[in-house]
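Listed below are the structures to be examined.
Each of the next two complexes has chain A plus one more chain, namely chain B in the first and chain C in the second.
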Partner chain A sequence: MMPFIDYKNVIPKTVIGLLVFLIVLIPVFTTNVATLSMLILSGIWAIAVMGFTLVLRTGQFSLGQAAFMAIGGYTSAIFTVKLGWPFWPSFFLAGVVSGIVALLVGMVVLRVGGIYFSIITLALSEIVRIIAQQWESVTRGTRGLITSMPDPISLGGFEINFFASTVPYFYLTLCLVALTALIFWRIGESRLGRSFAGIALNPVLAEHQGMYLMKYRVIAFTVAGVFTGLAGSLYAHSLTVITPYMLGLWQSIQIMIMSIVGGISSLAGGPIIGAILLYTFGTYLIRLEIYGIQQLLFGAVVVLVLLFLPKGTGLVDLWERFWRKVVWREEEYEPDTPDD
Partner chain B sequence: MPPAGIWIDGLIQSCTYMTMAFGMVLVFSILGILNWTHGQFYMLGAFVVYYAITAAGIPFFISIGITGLIIAGLGILIKKIIIDQVQGDLYISVVTISLIFFFEGAASMIFGMQDKGLAMVLPGVINLGSFSVSYQKIAVVIFTLVVMIGMYIVLNYTKVGLAIRAAAQQPDAASLYGVSVERLSFIVMGIGCALAAMAGGIMAPLYTVNPFIGGIPMIMSLLAIVIGGIGSLTGAIVGGLILGFLNSVVAYHLSYFSEVVLFVLVIIILLVRPQGLFGASLK
Partner chain C sequence: MPCLELKNVTKHFGRLAALEGIDLRVEQGEILGIVGPNGSGKTTLINVISGYFRPTKGEIFFNDKKISGLRPDRIAARGILRTFQSNVLYEGATVIESMLISSYQQYKSNHWHSFFNTRTWKDENEKVVGRVIELVKLLDLLNDTFLPAEGLSHGYQRMLGISMAMIANPSVLLLDEPTTGMNHKEAMFVVDKIKKINEQGVTVILIEHNMKVLLDVATRVVVLSFGTKIAEGKPEEVMNQQEVIEAYLGTETF
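What follows is the complex of A and B.
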């Protein structure tokens, strides 16, 4: 007997798989540094955006995710440049430090949550910027810290050299994006993820069911902090410099915009789509050399997305709608997405 | 003890933060959302006053009134075509935050990124013994006093004010008694935006004008709201006063780290008294 194949489920997933496979194989087609570093940076933003989306899942609205990138980036930059540590331990330490800061801030602020949380995370990103700017002896102030690529790794007779080409760093970023996406996807599918959605949907009900709201919020915020810190470390070492103004309030808002445009109904797909599309778009707009056009269009894009794709379904929902409506020509039905 | 100039600077800053925080709380109490774009209305107000004086030659005080009207119209327009169409409180916050980007981008494209200085429109100083105060600064203080007293009279002794207070307390009950909360929300949005714009306009001759001046007043008035308690108008005024004086006095002693001190203070207040100094208990 033929096993039943749900082709409506399998074919879109195969297409996604092929796209991912193509991205993995990009260094085979082109080793152009500009293309690769654009992909690297959009991957790094994608990790940060995934963190933001995880926090948003619990109904909390963080405006300081770029601050965690800055904490991670400065941690690994300080340890490699000032203390002479190799790249790898400082890379992991960046995640740990960022996670600890997220844990402490979360334990203080997530008691109240809501608007207070947004305001305090916004203040946090300003605090990080001021400290990075004023603590001259450690962070070199506005001049920034000059970092370098990771040291070469030798595996048997084969050597991975990060200085010779951008390809190894591309794969390093890709690995971290894949790991983050996998972990976040598993969290979203697990009991923990359903608890997150539950406390966002109805905090009062969740509390009466015996869920300790703050615990789940702090877990989400800390996990997001760890991965955002790792992304920040990659960011600092990829640009080989980190300055106080690189990761401030505007970058936090940019992360929020990428998340909303990509769609918050999925923890991995939406953020990756949003980050890649908006980062590429933003880089193109910067090349036009018209000051302010990037902010103007980013702001307009969010307004349009929220007006025409309501409830934060974002672009990732268009993908499903494309298959349902254009390819399979199904009847209309309302997708149920987690409300605010 | 810092010199008197520092205290006067603190008073000027308090005036801005008070006016902006007052508008934000007013909008919050009726609409139930924080208008994160408030700082950008401050910036646009400063630009309107700058161009009204330099390009059209309109007198200073009339141009401040014009600014209030224009930006109130803009705020009502945004409420009508964007905020009302978006569903969900969370996404309304997202929209108003991304409008920050939109307005700053638009302002830097239209007006240019460079600093613009407005000449003192009210020249002259008043001598008070050991120090002197310019008329411009006195105008800021008087303007804030007039606005606050005006808002007090409107809120306490007129029908609109009664309706606003009722709708802030119990929107459903207010609408049962014939108050159109919908129309009221437009009025309140207009008043809030006009207050921010007029604060920006009255401060324009004191500082430079560029597309990014809205950020600091916005963050500060947000912190003032947190100190005073979200939803409390008295809290907004007291929070603005505390923050303005503290900012300039601490900056006198600690220079750049003053903002860190302020943020830490706000976090401590959140820990000890999450509802703020004047707020009712949290919802």
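What follows is the complex of A and C.
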């Protein structure tokens, strides 16, 4: 091995780089609608899970992330279907509206935080669903709204036609996932991420060291709201329909499970792994058509992860352990603390 | 020149008067000891100064500006830092991580610099990490930087608590029972560090039960009993006052 290259750092990252490269090239190998749709929806859930994990990073447990997907999805559906707006401004607005709701709710509820916050976000999931159901004049109630793909775009000679193939939508989703992952990863690595960790690990201590709790809790919750709203918009348009039953409490719980299984220590990688694995697993389970099987097995999976993996780790941490223990065969570092 | 002034500070919890009519002036650069039996209101006093509690009555001034009623993070931003009696730590973080989180106030640049990893951020970060290493060396934690903070022995955990308060560059440091639970050697080690910190210009207020420590390090001592101040003065003088001895001066160790 060349001694002057930090190969233990470079090799795993190169492998990830290759995987990302392959994912980007998937449409070259297959244009199968089912496969691409599976990936598109996994990506959409990955964004929502990243949002959940970001909020968790500040020590708050949100059971309302599906509500923000619903708000985003319905916003963009209402603007495109009822007001005849084009897709792109509606998509943008979905993020804005979700963000504003997150900001307003957060400013009130994050003051108490903790269990009360979790309960209110849980209620939020259901409240949004009920509003979607009852506000018939706007949302068409249980019948839902039928959305459509974005209109074709002409870019310097090329025409991107979303109706002709699933591939453009795949890349659209991929771009949003990559953007969200990049932003959230940078937040984690930055001073903002450190402050989040501080207020999560010990709010009283952090406050006494100059960190204003509300500021950081609200920032995380709002940023998560914006991106989850955008994901909701993509969700509504990819499935070409949005109804109140698609995004409620169970979906918020699914998001939480995807985050825990993927690994809460990671803001980008963990959520993506959790979302892809559990979404594909979930789709398979639905095909079995056994009532309640999805809830049952999702519950089992999260319990298994919590029991057998060390505290706070998920599947994404296994990647690091795999390299350390299996590939490099490193010894476990036993610190030798003198007991004074 | 008093830097910290308490005027008629009173704190009630329902019908319990934890503090009653406390008048106190803390001079810049001194080391003030606060003593009293358990339940006399010492920690409540620190809690009120640091902003954790709002005084029921009375006011607190820091450099002639009113600070009573401000949030703890606002008070910390003005340079008043504290440690906690039950040695509060960042659970799960290593020593170096705890120090980096605690160095929050050292950064003057915008969060965007850190997000985009700009030159400004890198330079500032290097300076702060340099200060962290200096402080970690000063407080003898250099061997343990990558260990989880919980893994440290009790004495070292307390030193970490003090370092975490110090990294924020305080002008006033409130120490809540810094030597409790330590043997004589450890306690003297902490005393030495407190003296060094004071030499750097930091005003220190410490709650202490250990008289030897106070005689060694405090320039002045205030005695509380049932929430009121019953004596004030040089440690040797106060120790011999009748009221103080009667109020039970706390553990007379060694």
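Here, the second predicted complex is superposed on the first by the 329 of 340 C-alpha atoms of A that agree within 3 Å, B and C clash if a C-alpha of one lies under 4 Å from a C-alpha of the other, contacts with A are read in each partner's own complex, and residues count from 1 in each chain.
Everything that follows uses one rule, which is that contacts are C-beta pairs under 8 Å (C-beta built on N, C-alpha and C of every residue); 3 or more make two chains touch, one makes a residue touch a chain.
In this text, all values refer to a predicted model and were calculated from it rather than measured experimentally.
In the superposition on chain A, A:R194 makes contact with chain C only, while chain B stays out of contact range.
In the superposition on chain A, A:R186 makes contact with chain C only, while chain B stays out of contact range.
Contacts of A:A300 after superposition: chain B is touched, whereas chain C is not reached.
Using the contact criterion defined above for the overlaid structures, shared-chain residue A:N202 touches chain C, although it does not reach chain B. In the superposed model, A:Q133 makes contact with chain B only, not with chain C.
Contacts of A:R143 after superposition: neither chain B nor chain C is touched.
In the superposition on chain A, A:G210 makes contact with chain C only, while chain B stays out of contact range. Between chain B and chain C, more residues of chain A are touched by B.
Counting contacts by the rule stated earlier, residues 312, 339-340 of chain A appear in both its interface with chain B and its interface with chain C. Taken together, the chain A residues at the contact with chain C in this complex read 186-187, 190-192, 194-195, 197-198, 201-202, 204-213, 312, 335, 337-340. Listing the residues of chain B that touch chain A in their complex gives 34, 82, 85-91, 93-95, 97-109, 113, 211, 215, 219, 222-223, 225-226, 230, 256-257, 259-260, 263, 266-267, 270-271, 274, 282. Contact residues on chain C toward chain A in their complex (touch as defined above): 50-52, 71-73, 76-77, 81-82, 84, 88-93, 97, 100-102, 104-105, 107, 111, 114-117, 121, 144, 146-147, 151-153, 155-156, 164-165, 168, 186.
If you check the complex, the residues on chain A that touch chain B are 56, 59, 61, 63, 108-109, 111-112, 115-116, 118-120, 122-124, 126-127, 130-131, 133-134, 249-250, 253, 256-257, 260, 290-300, 302-303, 306-307, 310-312, 339-340.
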